[in-house]
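Take a look at the structures below.
After this come two complexes, each holding subunit A, first together with subunit B and then together with subunit C.
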Partner chain A sequence: MNISGLSFNALPPIDLPFRFFISAPILVLLCAGIILFSGEAMWLSRWHPSTLAVTHGFTLGFITMVMMGALLQLLPVIGGIGIAKPRLIATSCHGLFTLGTLSLMANFLWPNAWLLVISFLLLSLGLGIYIAALAWVLVKKLSQGDAIIGFRFAITALVIVFFIGLLLLARTQAGFYEWGWPTFLVEKLSTKALTDGHAIWGLVGWVGLLIISVSFQVIPMFHVAPSFPTIISRYLPAIIFLILLGMFVDIAITLNIIVLLHGVYAISLFLVIAKRKRKVPDNTIRYWLLAATSLLLFNGFYFFPEAYLTQEILTSKTLILAAFFIYFYLVSVIQGMLLKILPFLSYTHLQQRCLSHFSAMQFIPHMHEFLQKKHGLWLFNFHCFTGIVLLMTIMMPSIYWLLSIMLFVEFCWLLKLMYQAITLYYKTLNKIKLSVNE
Partner chain B sequence: MTSIPEYMTAKHRECDDVFSEAEAAVAQENWSLALDKWQCFAQELTKHFEQEEGKLFPEFEQATGMTSGPTQVMRMEHQQMRALVQDLDNALAAKNKDEYLGLSETLMVMMQQHNMKEEMMLYPMMDQHLSDGEQIIEQFKAD
Partner chain C sequence: MDIITLDVSELAPPEPMTLILSHLAQLSSQQCLQVKHRRQPYPLYEKLNSAGFAYHCVVHSQDDITLYIYHSTAQQAFESVFDLGE
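Now for the complex of A and B:
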């Protein structure tokens, strides 16, 4: 074990993860606006400019944004070491990534060579610096947890997603095919195959592997549950990653196996959660259960014989599956984690500050004061309702306005919870500072 | 023979279990059961801290020369957890369910972070540096 550079107090300053967290719901509010102004047309195809803008608003602007902030915080706790120069790196990555996401969304809505180049540069720099900083930590063998192994696969997947995305953007440019690309890139990989690859590596490889790896660590830990079966915690991320590589050979078989593996993961989630010893009502557990249920429903729907489905459902099958995976699985887990992370971060930072000023501990509010349980439950209820409205909108695009309103309500509420936690944090910090005369 | 990481990690899990039982009893407002379980947890926790602060940390510091490093942080966190335990004692005495559950969530998060640092880093480091680790554990078992 390498103990040089090991620090038990390597938490990055609280405003760094929080700026990622606060930006995330704001980008979803923007998506709600796009949905409202695009009307029914965007629900007819996954290739519609507004659909592309909204999917990237969600996947980059919300999911990846929160994950980037959360990893900054998780690595020092799980791996014992944080990224180097956290303020410089987090500030520049956050700025570049946010502007990059916005310009990419704008480029989908109003295709333009300048926007394309700008989003290309900003996202390359923002993600590139972040990946490099994280890789610097992940190559060190500081601890041997299964989570760290999964993180490595997830980051590698992000690199792959990013390059496929760049290739796709480049293809939209006139003259792309005269740039002298190797023949197989142009002939073997169609734009559709690349888009599927980009989406699946992003959703299953990057976000999915990260969530699965984090769950191995946080569910047993915070809910006093047994560990996941070793065969799952040690091998599932690696198997998913290897099978994803197969999608460049045969996408249909690859997808079938990936979907089944997520079914297995969902069952193991149910089993571990059912065996937890900590049975107090908990909103994060509600979110995990919703996520596991969605994965099972996803399996059922994916393998349901198409002969028994109506034409309307068949036409919308991809969108329905995407809604289940993104909204009911990924976004659920992320919101559930945020409900734990927000009060946890606020508390931990204040607690660390009081390590050498023990008497100031009395000023720190407890976790439920940072984020009230009933407020978390409201978020969960809003999320379920919005999810149902999303499924209804896919089938009945005329109610798009209701979806837009629900997204607005849900993510304004999330923003309010964040604002409350951070305000209480700064109030308490001032009290602590006054009491120790800093 | 049991190693330091094995024994101390198992003790963490035992503490978690009885802590959860106390918390569940409070959630159901079964106050007598809650008090029973809570006292059992508090005793286990005190004993665990004493084993670390009285024996393992000094031995580790002597073996590595690291006196102001990880063990110092762990000691300060123990002190903070003791303060939270005191607050929980008061909430339990006042039968204040909401206050207890807010504080227990806090202590839980703090304990888990603390345990992770010990289990993933400090105990394995102790295992490497303390040649008489197994004898120390035998002594703990006999106490």
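Now for the complex of A and C:
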């Protein structure tokens, strides 16, 4: 294949993904505050207003926020083309999505028709514009790698999550049932079925498929590892997506297969990581291994005969599984990727500045100076400890304050690392500009 | 046209880009840099043209590509060599 002379869309300016990355830990700090002020009550049920606010703070405010920023950069690097009008799209989506997430969290805590309408509009616009911009890129005939195909499934899943979420919000309104909805939406799909669908499509479909697809690209690329087995990289995202479609028919069977498939993915993750060529200690690899181990533990706990579990554990089983999947798997992978892409993006953007002025390369610091390895290791240790405290809090809600403190420590530290990397980037950029008299 | 070979296929980012750029800094208009890479360096492509370079990429498989980079002014010389090579 000859691709000479193709015109590639420029990498979006670095401040665009950075604003998504910076916002993400700030929203988790807000979650830490909610946990502190809600007390023990929020750990008794997943339907508690504070639980819903914190869950959405993590899934929308941290996980989706980071992935939205990362995709802006990953698409040009992996697929060779980025979104059109990146500054306009990213700025408007970031603002709308952040305010939408905040108003949705506020609406869970203080239910109010105005907050509901505002969050509905802001999230619809923020996510809608983002999905449309990304879909415009993903339907084009760009590089047809397995990662790009997985992205398409993930974005489709996000559309499904979004519409189920809107339906759930609408159901909370008086007069909903007189709005003339199709009968099956009202009679066949209970609020619980829709909530389960919303959660599973969100966690497994949107974020899960995105992370799996991204891993096919970034693990071989960043860690000089072999590609994932073709049967995994080519078919796993499609199979998971198709099985998810079956969840409205039989949720139990669907979940069993989905959990097993994630076990298969975890094993392939271990195998690929074990075969990497340069086995240097790396914090991102630690995060991937933690995520893979968590998926296997998730499998073990999910299929463990309930007859052997105590009543306390049985009562908290859903929350424990959610903690494993969200905190130990999804958040681990995202933190690990942040540790890798923050210095990488900073370095790459600066390098590009030097392509016409090679002498300015001398000003670019070593990549590890943007984010020191020992600082990344502290973040990993904080993350592990916070995760353990999270599991303990589910079983002993009285230590909720410790979880709040640990979340505060962990995500303040992440924020500090981001601030250091971004500050060094702009300092170096100024030096380069001065040296070439820009 | 002299061909200078560079294998970055077993290096982690950003080393491939760093090595390519340091070689380009030394590349004369009579030379062509032949790079063995595991993936298409798309971010590099977008800057090469504006920096006065041209490139030609041959994709052997999903994780095996060969990239030829040369000064834009050496297009004819490159085409004659590349045609001979193929």
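The rule is short, and it goes like this: the second predicted complex is superposed on the first by the 429 of 438 C-alpha atoms of A that agree within 3 Å, B and C clash if a C-alpha of one lies under 4 Å from a C-alpha of the other, contacts with A are read in each partner's own complex, and residues count from 1 in each chain.
Just so we're on the same page, a contact is a pair of C-beta atoms (placed from the backbone, for glycine too) under 8 Å apart; a residue touches a chain by one contact, two chains touch by 3 or more.
Just so it is clear, the model here is predicted, and its values are computed rather than measured.
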Fit or clash between subunit C and subunit B when superposed on subunit A: clash
First, second, both or neither for A:Ser356, with subunit B first and subunit C second: both
Touched partner set for A:Phe222, first subunit B, second subunit C, both or neither: both
Which of subunit B and subunit C A:Arg278 touches, first, second, both or neither: both
Partner chain(s) touched by A:Asn437 [first = subunit B, second = subunit C, both, neither]: neither
Partner chain(s) touched by A:Thr310 [first = subunit B, second = subunit C, both, neither]: neither
Which of subunit B and subunit C A:His366 touches, first, second, both or neither: first
First, second, both or neither for A:Phe344, with subunit B first and subunit C second: both
Touching partner for A:Leu11 - first (subunit B), second (subunit C), both, neither: second
Common ground on subunit A, meaning residues reached by subunit C in one complex and by subunit B in the other: 1, 3, 6, 8-9, 77-78, 80, 143, 145, 221-222, 224, 277-278, 344, 347-348, 351, 354-356, 358, 361, 367
Subunit A-touching residues of subunit C, taken from the complex the two chains share: 10-14, 17-18, 21-22, 24-25, 38-40, 42-43, 45-48, 50-52, 54-59, 62-63
Residue ranges of subunit A in contact with subunit B within the complex: 1, 3, 6, 8-9, 77-78, 80, 142-145, 221-222, 224, 277-281, 340, 344, 347-348, 351, 354-356, 358, 361, 366-369
Residue numbers on subunit B that touch subunit A, as the complex places them: 16-17, 19-21, 23-24, 27, 70, 73-74, 76-77, 79-80, 83, 98-99, 101-106, 108-110, 112-113, 116-117, 120-121, 124-125, 128
Subunit A residues touching subunit C - in the complex, by the definition given at the top: 1-4, 6, 8-11, 76-80, 143, 145, 220-224, 227, 277-278, 344, 347-348, 351-352, 354-356, 358, 361, 367
